[in-house]
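Structures follow.
The two complexes that follow have subunit A in common; it is paired with subunit B in the first and with subunit C in the second.
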Partner chain A sequence: MAEIVFDGVNKIYPDGTQAIFDLSFEVADKEFVILVGPSGCGKSTALRMVAGLEEISSGRLLIGDRVVNDLSPKERDIAMVFQSYALYPHMSVADNMGFALKLAKVSKEEIDRRVRDAAEMLGLTEYLHRKPKALSGGQRQRVAMGRAIVRSPQAYLMDEPLSNLDAKLRVAMRGEIAALQDRLEVTTLYVTHDQVEAMTMGDRVAVMKLGVLQQVASPTDLYERPHNLFVAGFIGSPAMNLAEAEVVRHGDGIGITIQDGMTLAVDPAATDRYPKVRDRVGQRVAVGIRPEHFAAPSEVADDRVMRGLPVALVEALGSESLVHVDTRTRPIVSEDMRAAIDDEDAFEELKRQAAAGGQPFVVRYEPSRAPRHGETVDVGVRTERIHFFDAQSGLALR
Partner chain B sequence: MSAPTVRAGGVGRAVYRTISSIPTGALWVIVVIWALPTLGLFANSFRGPSEQRTTPWWLLLRDENLSLDNYATVLGTDVQGGLVQGVINSFAIALPATVIPIAMAAFAAYAFAWMDFKGREWIFIGTVSLLAVPLQTALIPLLQLYNGGANQTLPFIGKTLSIFPDLDLTGTTTAVWLTHAGFAMPLAIFLLHNFISGLPKDIFESARIDGADHFQIFVRLVLPLSIPVLAAFAIFQFLWTWNDYLIALTMIGPFAPDKMPATVIIAAIAGDFGRYEHLLTAGAFVQAFFPIVVFFALQKYFVRGILAGSVKG
Partner chain C sequence: MIGATDRRWLIAMVGVPTFLHVLLVWIPALATVGLSFAEWNNLDPLRDIAAVGTENYTVIFTVFGTRLFPALFNNLALVLFLFLCTAAGMLLAYLLDKSVRGTALYQSIYYFPVVLSLAVVGFIWKSVMFSRESGLLNILWPGDPIDFVGDQTRLFELVLPFGDVPVGISRNFAALLVAMAWRHIGYVMVLYLAGLKAVDPSLKEAAAVDGCNEWQSFRSVVFPTLKPINVVVAVITVIEALRAYDIIAALNVPRGTEVMGTLVTSALIGEGAGRVGIGSAYGTVLFVLCIGFIIWYVYNNFREDER
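Coming up: the complex of A and B.
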C-alpha cells in the first residue's frame, strides 16, 4: 500500500514535442484518483510513466516514498489494466491471472489459492480453464482486473478499462470497480476520457488539458467550483451553458446583460462565491449556467427570467427532459472550449453559431412540465448558482 | 414497374453467379494442369521399362504386369549405394538446416521487433539486404572456407592470422546444412520479424509489468503465439533443403559418395545413357513422400485467429 506522487514531472519526446508540463499531484494511500481529460491531454502518458512504460524526462515520480524514475516496471510493484485488456491469448484464464506470480516464483499452491480467491471475487470461477477468446467482453475485462488483483501490488493503474464495453455493461462495471477498489483498499490511478466515469467512481478527480493539470478536486468540488472555463465546460453532462455577457450595475448589486436587451439580476450568493465579478462592471465576462439551474419563471424574481426563447429540440430521457432553446447569447470561442468540446465538428458548429450571433441553451425540465418543439418559453435562472470566468484567461473570477 | 426489376435482378444474379464461379473454375483448371505430370509419373512408377517407353501412362489399367519392382530396386542397395542411405543423409541435412535457422531467426526477429538498441534499423536493413546475395556465387568461396579456413598473413610482420579455422568440412553433411542455415537466415529473420512485430504491443507491456524479462517474454509469449509463422517457414525451409541438389553436390561432391542426399542419388540412378531411366519415377516418389508427410503434420498449425481474444472484443 502506497501513495503515488508526481513532483514536477515533464515528458518531452525526442522530436521535441512536450506531452506533459510540470505535473504535480498526489494520490494518497488507498485513494481512488481519476485522471480525466479530452484525447491527447497526456493522461495516458502520465499513467504509463507511473507504470514505467514511458521514460520521465524530468521531475520526480514516487511510489510509496521511493523515487521510481529509473526503476523497471517489474521493480515498481504495480499492476496495470489495459484498455485492450492485453490478455495472453494462448493461456487459460487461470494462467493469465497467475502469470505474474509464476514469474515471481510463488509456489503452485499459493498461486492456485490466490487465483481462486480473485476468481470468486469477480465471478470467474467457472471460466478458469477457458481461453480468452471463449469469453465475452465483460468477462475478459474481469480477467484483466483479476490479473491485477492476484498480485496484491502497491498500486493499480487502469487505462480506460471500460471503454471497450457496451454502454449497459460499462455502467455495471463502473460501480463494481469502484466497490472493489473500496474493498481492496489499494491506491488506484484510473485514466478515462469519460467525465461520467470520472464523476461517479473516484475519490478525487484530476483534470488535464494538453499536458497541463487544470484542477484536482473531489467530484462535487469539481462540479460546483470549477477552476477555469475548460473544467467548467468539460465536467458535467449535459455540459454547462457558457456565454459571454456584460457585467452591469443592477439595483444594489450587479446584473449581467446576457443578450441584447436582456439583463438578469445576479444573486449576491453568486457574487460572494465569485467576488472578483464586482470589479468587472462594464466588462465582458464568461458566464456559466448548468442545465439544472433553471427554474419556472414563477419560482424566481421577475428580473431573473429569460423571456421568449423558442424551443428548438426536446430530448425526453424519461427521468428528465433536456430542452434546447435558441438564444441570442454570444458563444465563447476559445482554445479552452475547443479542448473541452473535444470534437472538431462540434467546435466548428460553435464558431458558426458565434458568427451568427446566437447559440442554444440546454435547460433541464421535469418531464411533465417540458414544453414542446416550436413553442416559445420563459425560463427562470437560479442566478445564485451562476459561474463567472475571465473571458480571456478562462480563470474563475474568485 | 416491379416485374422488370425482379427479372433484371434475376438476370443480374445469374450473371453474378457465373462471374463469381470463374475464379473457382480457373483454380480447378490450374490444379488439373499442375497435377497431371505428377499423376503420370506416379502411374509410370508401377510399370516396367518397356511399357514406360512404348505406351502412354494413361493406358495404365491395360497393363498386365504392374508391380512394385521399381520401388524395390531403388530402395535396394544395387543402385548407387541405395536410396535408403540417401534418405537418411537427406534428413541429416534438412533437419538441422530447418531447425537451426528458425531458432536463431526467432531470437533475432524478436530483438529487431521489440528490443531497443542502437543501430537496430540499420542492422535489420543490412541483414535483410543479404537476401540479394545469390547462393551460387558463394559456393566456391564457402568450399574454400570449409576446407582450409580463412587465413591472412600480416604484411611486414609475416605472421599468419587464422580468421576462420580449418574445419575440414568438405564431404560432410555438416557443410551442407551449415550453408543452408546461413543462407536461410535473412529470409527467416525477415518473415518472422514481420509477424512478431505485428503482435499486439499491449501484451508485451502487460508482461513487462507482470515482471517478465525479454527472455521470458520470448519463451512464454512470442514463441507460442508465433507457431503459425514458424510452421509455415519450417515447411518451406524443409522443402528447399530436402530438394536441394546443387549445394549437396558441391560440398560433398566426389569426396564422400556415401554422404550424398537422395536428390543426388536419384539423379545418378538413371545411369549411363539412361539405362535405368525407368527407375526415376519410383525414386521421385520416394523423394516426394517425406515433404508431403511434413506438410500434413504441420498444416494443422495454420489455424487462423490464434490471437483471438487477446485484445479488444
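Coming up: the complex of A and C.
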C-alpha cells in the first residue's frame, strides 16, 4: 500500500509536443482517485507514466516513498487494467490471472490459492479453465480485474476499464469496482473520459484539460464549486447552462442582464460564494445555471423569472423531464468550452448559435409538470445557486 | 436464397478452378505415384508401361542407396538449417518492429532476395559470390582461392545403421545453405513483421507490468500470440527445404549437393535417364514426406485449438 505523488511532472515528446504540463497532485494511501478529462487531455499519458510505460520528461513521480522515474514497470510493483483488457489469448483465465505471480516465482500452491480467491470474489470460478475468447465482454473485464487483484500490488492503475462494455453492464461494474476498491483498500488511480464514472466511483476526482490539471476535489465539491468554466461545463450531465451576462446594480444587491431586456436579481447567497462578482458591475461575465436549479415561477421572486421561453424539445426520461427552451442568451465560445464539449460538431453548433444570438437552456422538470413541445413557459431561476466566471480567463469569481 | 443464375455462376466459379487444379496438380501427382510401381522409358508408347510392383522402391533403397540416403540427409539438413534461418528472420523482424530508425530501408534490403527466383539466387551466388576467379568472397579471402561450388569433401561424415552408406554435409552444400539462407531469412522476416504489427501493443505492456523482461515477454506472450503465423512459417520452411531443387540445379554441381528434387530429374533427363519408374519412386518418397508432415502438423495444431 502506498501513495502516488506527481511532483511537477512534464511529458514532452521527441517532436516537441507537450502532453503534460507541470502535473502535481497526490493519491493518498488507499484512496480511489479518478483522472478525468476529454480526449487528448493527457490523462492516459499520466497513468502510463505511473505504470512505467511512458517516460517522464521532467519532474518526479513517487510511489510509496520511492522515486520511480527510472524504474521499469516490473520494479514499480503496480497492477494495471487496460482498456482493451490485454488478456493473453493463449492462456486460460487461471493462467492469465496467475501469470505475474508465476513470473515472481511464487509457489504453485500459493498461486492456485490466490487465483481461486480472486476468482471467487469476481464470480469467475467456473470459467477458470476457459480461454479469454470463450468469455463475454463483462467476464473478460472481470478477468482483467482479477489479474490485478491476485498480485496485491502497491497500487492499481485502471485505464478506461469500462469503456468497452455496454451501458447496462457498465453501470453494474461501476458499482462493483468501487465496492471492490473499498474492500481491498489498495491505492487506485482510475482514468476515464466519462464524467458519470468520475462522479460516482472515486473519493476524489482530478480533472485535466490539454495536459493541464484543472481541479482536484471530491465529486460534490467539483460539482458545486467548479474552479473554472471548463470544469463547470465538463462535469455534470446534462451540462450546466452557460451564458454571457452583464453584471448590473439591482436594488441593494446586484443583478445580471442575461439577455436583452431580461435582468435577474442575484441572491446574496450567490455573491457570498462568488464575492468578486461585486467588483464586476457593468462588465460582462460568464454565468452558469445547472438544469436542476430552475423552479416554478411561483416558487421564486418575480425578478428571478425568465419569461416567454418557447419549448424546443422535451426529453422525458421517466424520473425527470429535460426541457430545452430557446433563449436569446449569448453562448460562451472559448477554448474552455471547446474542450468541455469535446465534440467538434457540437462546438460548431454553439458558434453558430452565438452568431445567431441565442441558445437553448436545459431545464429539469418533474415529469408531471413538464410543458409540451411548442408551448411558451416562464422559468424561475434559483439565483442563489448561480455560478460566476471571468469571461476571458474562465476562472471562478471567488 | 441463391437464384438459378447465381447458382450457375457459383458452379462455374468453383468448378473451373477445381477442375483445373485436379487436372494439372492431382492427376499428375497420382499418376506419378502410379508410375512408381511401373517401368517405362517415357519414349515408348503408353501401352508399353509395365507394372513391376514395388521393385523400383527396392532398387532405390538398396542399389541406389548411395544416392538416396545422402540426398535425404541433405534434405533433412536443409530442414534443420532453414529453421535456424527462420529463427534469425524472426529476430530481425522483432528488432525492426521496435521501430529502429530506417526500418523501411532495412526491410527492403532484407526482403530484396525474396523477389528473385531461387534459380536467379543460385546464379547470383555462383558467379558474384562464390566464383573461384572473380567471386567477392575469394577476392576478400587472403589465402588460396576456395572452390566453394566444386569442393565436395565432407565437413563431417556419418554412417547410417542401415544401407551402409556414409552421409554428411559436403563443403559445396554448406555454401549452398548460405545462399538459401540469404533468401529465406528475408522471407520469414517479412511474414513475422506483418504478424508483429498485428499484435495488440497493450499485450506487451501488460506483460511488462506483470513483470516480464524482454525475453520472457517475447517467449510467453508475443510468440504464442503469433501462432497462426508460426504455423504458416513452419509449413513453408519444411516445404522449402524438402522441395529444394531450382537453386541446386542453377549451381549445376555434379556431386555433393544432391537432394530428392535433383534425383527425380536426373532419373528422367540426361545421361543414363529415361527411368520413369525410378524417378517416380523418388518423387513419391518426397511427396509422402511433404504431405505426411503437413497433415501431422496442421492436424496437431487444429486439435490443440479445439481443446
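To be clear about the criterion, the second predicted complex is superposed on the first by the 398 of 398 C-alpha atoms of A that agree within 3 Å, B and C clash if a C-alpha of one lies under 4 Å from a C-alpha of the other, contacts with A are read in each partner's own complex, and residues count from 1 in each chain.
Here, a residue touches a chain if its C-beta (ideal position, glycine included) is under 8 Å from a C-beta of that chain, and two chains touch if they have at least 3 such contacts.
Just so it is clear, the structure is predicted and the values come from calculations on it, not from any experiment.
When both complexes are overlaid on subunit A, subunit B and subunit C end up clashing with each other. When the two structures are aligned on the shared chain, A:K133 is found in touch with subunit B, with no touch to subunit C. In the overlay built on the shared chain, the residue A:L395 is in contact with neither subunit B nor subunit C. In the overlay built on the shared chain, the residue A:I78 is in contact with subunit B and with subunit C.
Which of subunit B and subunit C touches more residues of subunit A: that partner is B. In the superposition on chain A, no contact is made by A:A312 with either subunit B or subunit C.
In the superposition on chain A, contact is made by A:N164 with subunit B only, not with subunit C. In the superposition on chain A, contact is made by A:Y88 with both subunit B and subunit C.
By the touch criterion defined above, A:L103 lies against subunit B and subunit C together after alignment on the C-alpha atoms of chain A. Applying the stated touch rule to the two superposed structures, the overlap between the subunit B and subunit C interfaces on subunit A comprises residues 51-53, 72-74, 78-80, 82-84, 86, 88-90, 99-100, 103-104, 147.
Within the complex formed with subunit A, the subunit B residues making contact are 200, 202-203, 205-213, 216, 220-221, 224-225, 305-313.
Residues of subunit C that touch subunit A in their complex: 200, 202-203, 205-213, 216, 220-221, 224-225, 227.
Within the complex formed with subunit C, the residues of subunit A that make contact are 51-53, 72-74, 78-80, 82-84, 86, 88-90, 99-100, 103-104, 147. Contact residues of subunit A toward subunit B in the complex are 51-53, 72-74, 78-80, 82-90, 99-100, 103-104, 131-135, 137, 140, 147, 151, 164-165.
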